[in-house]
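Take a look at the structures listed below.
You will see two complexes here that share subunit A, one where it goes with subunit B and one where it goes with subunit C.
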Partner chain A sequence: MPPLADLTELIVFVLLAAGVVVGSLGVVLLPNVVYSAFLLGGVFLSVAGLYLLLNASFIAAAQVLIYVGAVNVLILFAIMLVNKREPMADAPGLGLRRLLSSGVCAGLLWLLLRVAYTTPWATPGPTPLGEDAVVRLGEHFFTDYLLPFELASVLLLMAMIGAIVLARRDVFASDIGTGEAADQGLIEKARSPLLIEKTRP
Partner chain B sequence: MTLPSLSALTPVPLEAFLTVAALLFCIGVWGLINSRNAVRVLMSIELMLNAVNINLMAFSSHLDGQEIRGQVYAIFVITVAAAEAAVGLAILLSLYRNRETVDMERFNLLRW
Partner chain C sequence: MPPSFTVDLEAGFRGLIEAAGLSPAASRLIWLPLPMLLVLVAAVVGVLVTVWLERKISAAAQQRIGPEYAGALGILQPMADGLKLLVKEDVIPARADGLLFTLGPVLVVVPVILSWLIVPFGQHLLISNVGIGIFLWIALSSVQPIGLLMSGYASNNKYSLLGGLRAAAQSISYEIPLALAVLAVVMMSNSLSTVDIVDQQSGAGILSWNIWRQPVGFLVFWICALAECERLPFDLPEAEEELVAGYQTEYAGMKFALFYLGSYINLVLSALLVTVLYLGGWGFPLPVEWLASLLGQNIDAPLVQVVSATLGIVMTVLKAYLLVFTAILLRWTVPRVRIDQLLDFGWKFLLPIALVNLLATAALKLAFPAVFGG
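Moving on, here comes the complex of A and B:
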């Protein structure tokens, strides 16, 4: 490979890695959760670019379709459905928890980096497949990974049914009390919430 | 410790991808512990799953270039992540209807 292509690859990697790290910091730290959701889409796209650098075009396409197209849109819909702005009351011990968790995360990062930089990886491995990777993926899915592949479809069906059952409202064609037709619009009707402490002002 | 020269960094080494994945995972763990908004907790879980996927893909490309088993595992992780996002957001909607809040500190019904 000519050195110019190598240098281009390095520059692209640095840009994508900066996008991933800065974007994920924004996801975690920004006060507005809508900005967080859009930045999360940017992080997903940057990760898809990293996959392209790693000779995995099919997974990169799947990442864009599933994460950016489905998961991120789902998260945005959830934000729209639960967009009540509420002042978060201070909970006791929050500062201590923040300090402790920062320490734990820094320790975990140090451990992971130490493992990554002290293990003698057997690089360079075999030559990557490149564009034939899709063919090899299909062979894997229909021979030695057939059972997990079929189980994944069952899992998706279960998740779909479970999500519908959990999230649906009980809709009656007519109001039980008065007998008149109940409106079945998409607007959440006011109802008395369960399980809220009655003593809270 | 001397920094490696620019020519030693091309093509991008395995350790660089592992570093990015470690940073992403630790940011996800921090957000998971410290977020008050339940939607942000779900986003942090997605960040952690993506970090794991970057690791799998880096090993698949650098150490297992012919039998790309890392890519197969990444597909399964993406599948499970999609199912997790759907069920998690449904649980979040149900919680919001019952408690009228998304504050993690007030989901304390089962606490002692």
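Moving on, here comes the complex of A and C:
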């Protein structure tokens, strides 16, 4: 490999890694939740760039499609549907909460660093498959990883049915307090025009 | 000269530079930006032509004349439009979020332009024959809703926010049948690469095009592509009567021009991809090999190769603009659907149809491997 390509790779790696680290710090620390959500998209994109650097182009595209195109868009969608612009009020005992969560995060970081430094990594790793990776992924999905693959799809199906049950309110069509049937069909109900009553007297 | 000469501009150009005494690395460095620049220029020129067509065809549909003073037949009118947008004042509303407001249009345009990476105009006439080709386009086009949501939110305007939300909902709904339609084609050609997809459709000229084997897939893909481009009858996000201009309401000058450019580049790109996936890409309706043998020419002769490559580019552009023409005609003849009709149509009609199409393609591929790519 010519030195120019090596240098480019190094620069791109440093940029992407910095993007991931700074971006995820921003996701956690920024007070504005909309900025956090957009930065999360940036972090996902940077991770896709790292996959691309590792010659795993299919994984990179899948990362963009699933995490940026679906997960992040849904998060943004949910945030914007409950579009509240005022800053959130401080919860009681905020200092203690922050202390505890930063302690947990620091412990996790220490654990991961320890794993990273004690594991005997086989460098350089196996040679990248390049374009054949798609075929190999498909083979693995339908042979030795068939069970996890199918279980994941069952899990997603369950999540989807749960979401539909929660969203369709006619399932809970009785009033919890009085026990009588509640009228949930707000959209289909014919509305009486407001102006007629005003003109009558 | 190699025995089987093909038009490979990269090899030719780099050979020329290396003959002048530069190292292979340097010649590669000089070559790299050229195709990108060329495709960027092609995309922008494509947009100018499309805007002119849109103005002329809409005028014809409404029995007007349309632009006629700027150049012959008003052909310079899109340039004048662009120039006007370029020199307009760039307004950022006082209560808007300046950073996101600026970033939004950029996030809308960049994925669209990046997707031109995979559009082939000939066997070697594309920027990069990436193995994941068409999947890259699907992934990139899913980034666009983030830019729309961003600009809708940052404008601090109810119409903009509603438009952005609609755009995102529409985009994620129609992405799924779109991807399923593409998957059926990919299954037939055993490859995600756009070049392989076109190669699989060559052989018997117009008869071997995918549109005959995938008529349902073609319709589903074209409808979804129109919805992704937010063209009428699916232009809900910017429905003038309801939302002023949707997420574009607060935009002016060059930022508005980016949205405008992005939507037209996306339209031309979608037309090109329909060409690649269903209409045989750069293939001539009659097989070029057969024509060459009819004229008594060797298909590998340099001159024949140059002629056939030119023919390929012309065919690709011609087919794409035929589709652009239908899109424009549709825009000026059909009414807009309602948002609930749009989502119902996407989820309850197109998605099941696309799934059945995928299953039918798989079954046919198992039953007739010779015809449906074994």
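Keep in mind that, in the parts below, the second predicted complex is superposed on the first by the 157 of 201 C-alpha atoms of A that agree within 3 Å, B and C clash if a C-alpha of one lies under 4 Å from a C-alpha of the other, contacts with A are read in each partner's own complex, and residues count from 1 in each chain.
Basically, a residue touches a chain if its C-beta (ideal position, glycine included) is under 8 Å from a C-beta of that chain, and two chains touch if they have at least 3 such contacts.
Computed from a predicted structure; not experimentally measured.
*Asks:* Are subunit B and subunit C a fit on subunit A, or do they clash, once the structures share the same frame?
*Replies:* fit
*Asks:* Which of the two partners, first being subunit B and second being subunit C, lies in contact with A:Leu4: first, second, both, or neither?
*Replies:* second
*Asks:* For A:Trp121, decide between first (touching subunit B), second (touching subunit C), both and neither.
*Replies:* first
*Asks:* First (subunit B), second (subunit C), both or neither: which does A:Glu131 touch?
*Replies:* Touch partner of A:Glu131: subunit C, not subunit B.
*Asks:* Have a look and say if subunit B or subunit C is in touch with more residues of subunit A.
*Replies:* B
*Asks:* If we overlay the two complexes on their shared chain A, which of subunit B and subunit C does A:Ala62 touch? Say first, second, both or neither.
*Replies:* Once the two structures are laid over each other on A, A:Ala62 reaches both partners.
*Asks:* A:Tyr145 in the overlay: touching subunit B, subunit C, both, or neither? Say first, second, both or neither.
*Replies:* A:Tyr145 contacts subunit B only, not subunit C.
*Asks:* Is A:Ala78 touching anything from subunit B or subunit C once the two structures are fitted on A? First, second, both or neither.
*Replies:* First partner only, subunit B.
*Asks:* Taking the superposition on A as described, I'd like to know which of subunit B and subunit C A:Ser101 touches: first, second, both or neither.
*Replies:* first
*Asks:* Pick one for A:Val154: touches subunit B only (first), subunit C only (second), both, or neither.
*Replies:* After superposing on A, A:Val154 lies clear of both subunit B and subunit C.
*Asks:* Under the stated touch criterion, which partner chain does A:Phe38 make contact with: subunit B (first), subunit C (second), both, or neither?
*Replies:* Only subunit C is touched by A:Phe38; subunit B is not.
*Asks:* Nearest CA pair across subunit B and subunit C in the overlay: distance in Å?
*Replies:* It is 14 Å, taken between the nearest C-alpha atoms.
*Asks:* Return the residues of subunit A at which the contacts from subunit B and from subunit C coincide.
*Replies:* Subunit A residues touching both partners: 58, 62, 70, 74, 77, 81.
*Asks:* Within the complex, which stretch of subunit A touches subunit B?
*Replies:* 1, 3, 6-7, 9-10, 13, 17, 20-21, 24-25, 27-28, 33, 36-37, 40, 43-44, 47, 50-51, 53-56, 58-59, 62-63, 66-67, 70-71, 74-75, 77-79, 81-82, 84, 86, 88-89, 91, 97-98, 101-102, 104-106, 108-109, 112-113, 116-117, 121-129, 133, 136-137, 140-141, 145, 148, 152, 155-156, 158-160, 162-164, 166-167, 169, 188, 191, 193-196
*Asks:* Which stretch or stretches of subunit C touch subunit A in the complex?
*Replies:* 25, 29, 100, 130-132, 135-136, 138-140, 142-143, 145-146, 149-150, 152-153, 161, 164-165, 168-169, 172, 175, 192
*Asks:* Please give the residue numbers of subunit B that touch subunit A in the complex, ascending.
*Replies:* So the residues of subunit B in touch with subunit A come to 6-7, 9-20, 22-31, 33-37, 39-40, 42-44, 46-47, 50, 53-54, 57-58, 60-69, 71-72, 74-76, 78-87, 89-94, 96-103, 105, 109.
*Asks:* Under the definition above, what is the set of subunit A residues touching subunit C in their complex?
*Replies:* 2, 4, 34, 38, 41, 45, 57-58, 61-62, 64-65, 68-70, 72-74, 76-77, 80-81, 83, 130-131, 134
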